[in-house]
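The same chain A turns up in both complexes below, where it pairs with chain B and then with chain C.
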Partner chain A sequence: MSNSNLIKGSLQTIILKLLEENEKMYGYEITQKVKELTAGEIKITEGALYPALHKLEAEGLLTTEIQQVDNRVRKYYSLTKDGQKEVSSKLAELQAFVENMQRIINPGLKPELGF
Partner chain B sequence: MRTLSPQEIARIDQRLESLKIQYLEIYHELRDHYFTELEKKPTEEFEVNFQQLNETFAWSVVKKMEKELEKNVSKQVLVAQLKFLKFWNRGINGLLISFASLSILVICIIAIPASELLLVFLAIIICTSAGVFIIKRDALSFSLRHKPISVRSTTVLKRVGILNNLFVWIYVMPNIFSDGAILTNTLFVVGMGIVTVFSLLYSISLLAISSDLSVKRNTQ
Partner chain C sequence: MRQLNQSELKEIQQAIFHKEISSAEVLAEIYDHYVSHLQDYPDKEFNNQLFELDQKFTYAYCHTLQSKFNKSVREDIGKTQWKVLQSYFCTSRWIYAAGILAIIFFVANQAKSQQEIGILLLSPLILLVIMSFVFDWRVRQKTRPIKRIFKEMGIPITSSASTPISERFYLPVMLAQVLIYFPTLLSIELPFSDLAPGIAAVITDLLILYMLSLLEVWKLKSKTAFI
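Then we have the complex of A and B:
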């Protein structure tokens, strides 16, 4: 599955979940991690990733820190306390959505999904 | 992973310069993205990967990113200002100090003659501009060459501009059109007093949040 429209709605949840598992990450690292976890099936577009990161930062869910790495500046993102609280609610929201989609696509199937 | 050659670095910098990136925040993220991606690829694949990155970060994509960033930071600044102004959230001591300060401020404004309010307003704008300029010097670039600037600093400076507009349209224009006669109108003078108190609180909140909006630096 590589439909960017489907991914768009879940992008914030993906970012929050990855940052919950990894203390701090930078933009490029997030794209690579998603590619790695999904064996290249999901590719996050950079044009959507960075605005999503900036939005989460503006909402106070992420905090940033810059580091000089070799000959450039790198911006790391990590979860704030509010961000940590938001992860579980976003995941529950996504899980409920996936379960509902399963019911629509496969009415006879009882979904047993878990994150 | 390899180290990019000076020529390759120059190509990246030329490309980023051609995009006329407005904000430092985007410039640094894109530069790091280019470097990290290209460092992973062998030298002979540089050109292909470089072109792919140029397509990923095309002019329209970058400009859209800039607009989104402006919108998000503007929201962030507003939220920070409102949080600062909500003095009732600062416990009993904060509440008392804020109430006392506000009362003194209102008394001072009432004591000032209507004709002098203009000077008070002007002083607020000058002090805020100077204060924000000292704290957020990275919002301005006097270089003739294009140079990215900080979006947070720019947003704060833009808000000082709002104060200027408020001053011109609410105070100066009616004064000019009425040839000063409006200063004898009690309703106008009371309105001006209220506006001056609010503009002062707005300025204080801008100055207070200016230093809080900086990104943490971690040198390794």
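Then we have the complex of A and C:
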């Protein structure tokens, strides 16, 4: 499914939501979780993922932790207190957007979406 | 998921070598991504998958990622130190700040000569220099595992947080050097006055609070960076 432009705008929300449900995750794990949840329909590209993670970290919404795994170092991301607060507002924003899109696409349909 | 063998790991390292990444944090993250991704595929698909990863993590992409990361780390260190400094005056920690101030004022008032004032002013600067040596040693220790993996890479690998913190260790020392040598160069003789101990106490106190805040920043960032 070629939907990278659609995903781009929601990437931060996706990351925040995943980290709300999973205490801490690393970059590759996030891409695999999205792939698994959407049965491969949505694929987060590495080109978009790491800049988004670093941006959220710089904004203070994510914090990181370095851990030794096998013979390498792994960087885990988790939500900060500000990040936890931001999740609900980002989700509400996305939900409102999807509902408005539904109104445009199907004017007769009353959307009932829930996150 | 399978374990990669030594020659496969070597191939991954060779692929990442060419990207010439100097930030230990970015390098570790990209290396972990490569290994985690390739572990999910059977060995016969290794070369194709490695090629695909190389197409995603291009030289330009890695350098843009590194440069933005370095910039955000630098800004974050500045903001964190400022927050820590503010906390000395805005929270219950003001008692510590007041205590330090009182002790230094007491010590400064005991000073009878310019030399004694000089020693008082120099003490936090000497501590900053010692701290910077310890900091450099700690960075070397922490980046050793990633350096060992990429030891054949020509460019030096260091933590993105190490340069901004090192600069902060040296800044007061360099400023002090200017303040000490500038009057000497212009042959200005500063007389010992009644105000000298007070001024020295204020400067020493500011330097000590600056040093303590920097130590806290180091402690906080050591969890997220190779420092």
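In this section, the second predicted complex is superposed on the first by the 113 of 115 C-alpha atoms of A that agree within 3 Å, B and C clash if a C-alpha of one lies under 4 Å from a C-alpha of the other, contacts with A are read in each partner's own complex, and residues count from 1 in each chain.
Everything below uses one rule, namely that a residue touches a chain if its C-beta (ideal position, glycine included) is under 8 Å from a C-beta of that chain, and two chains touch if they have at least 3 such contacts.
Everything numeric in this text was worked out from a predicted model, so none of it was measured.
Peer 1: Can A:I104 be said to touch chain B (first), chain C (second), both, or neither?
Peer 2: So A:I104 meets neither chain B nor chain C here.
Peer 1: Taking the superposition on A as described, I'd like to know which of chain B and chain C A:R74 touches: first, second, both or neither.
Peer 2: It touches chain B and chain C both.
Peer 1: Report for A:A39: first if it touches chain B alone, second if chain C alone, otherwise both or neither.
Peer 2: neither
Peer 1: I'd like to know which partner A:G27 touches here: chain B for first, chain C for second, both or neither.
Peer 2: both
Peer 1: Touching A:G47 in the superposition: chain B (first), chain C (second), both, neither?
Peer 2: Both: A:G47 reaches chain B and chain C.
Peer 1: Enumerate the residues of chain A that count as touching chain B in its complex and touching chain C in the other.
Peer 2: In chain A, positions 26-28, 45-47, 50-51, 54-55, 57-58, 63-66, 68-75 sit in both the chain B and chain C interfaces.
Peer 1: Within the complex, which stretch of chain A touches chain C?
Peer 2: Those in contact with chain C are residues 26-29, 32, 45-47, 50-51, 54-55, 57-58, 63-66, 68-75.
Peer 1: Where on chain C does chain A make contact in their complex?
Peer 2: 25, 28-29, 31-33, 35-37, 40, 53, 56-57, 61, 64-65, 68-69, 72, 75-76, 145-146, 149, 223-226
Peer 1: Quick one: in the complex, what on chain B touches chain A?
Peer 2: 3, 9, 25-26, 28-29, 31-33, 35-37, 56-57, 61, 64-65, 68-69, 72-73, 75-76, 79, 215-220
Peer 1: Across the complex, what residues on chain A touch chain B?
Peer 2: Touching chain B from chain A are residues 26-28, 45-47, 50-51, 54-55, 57-58, 60, 63-76.
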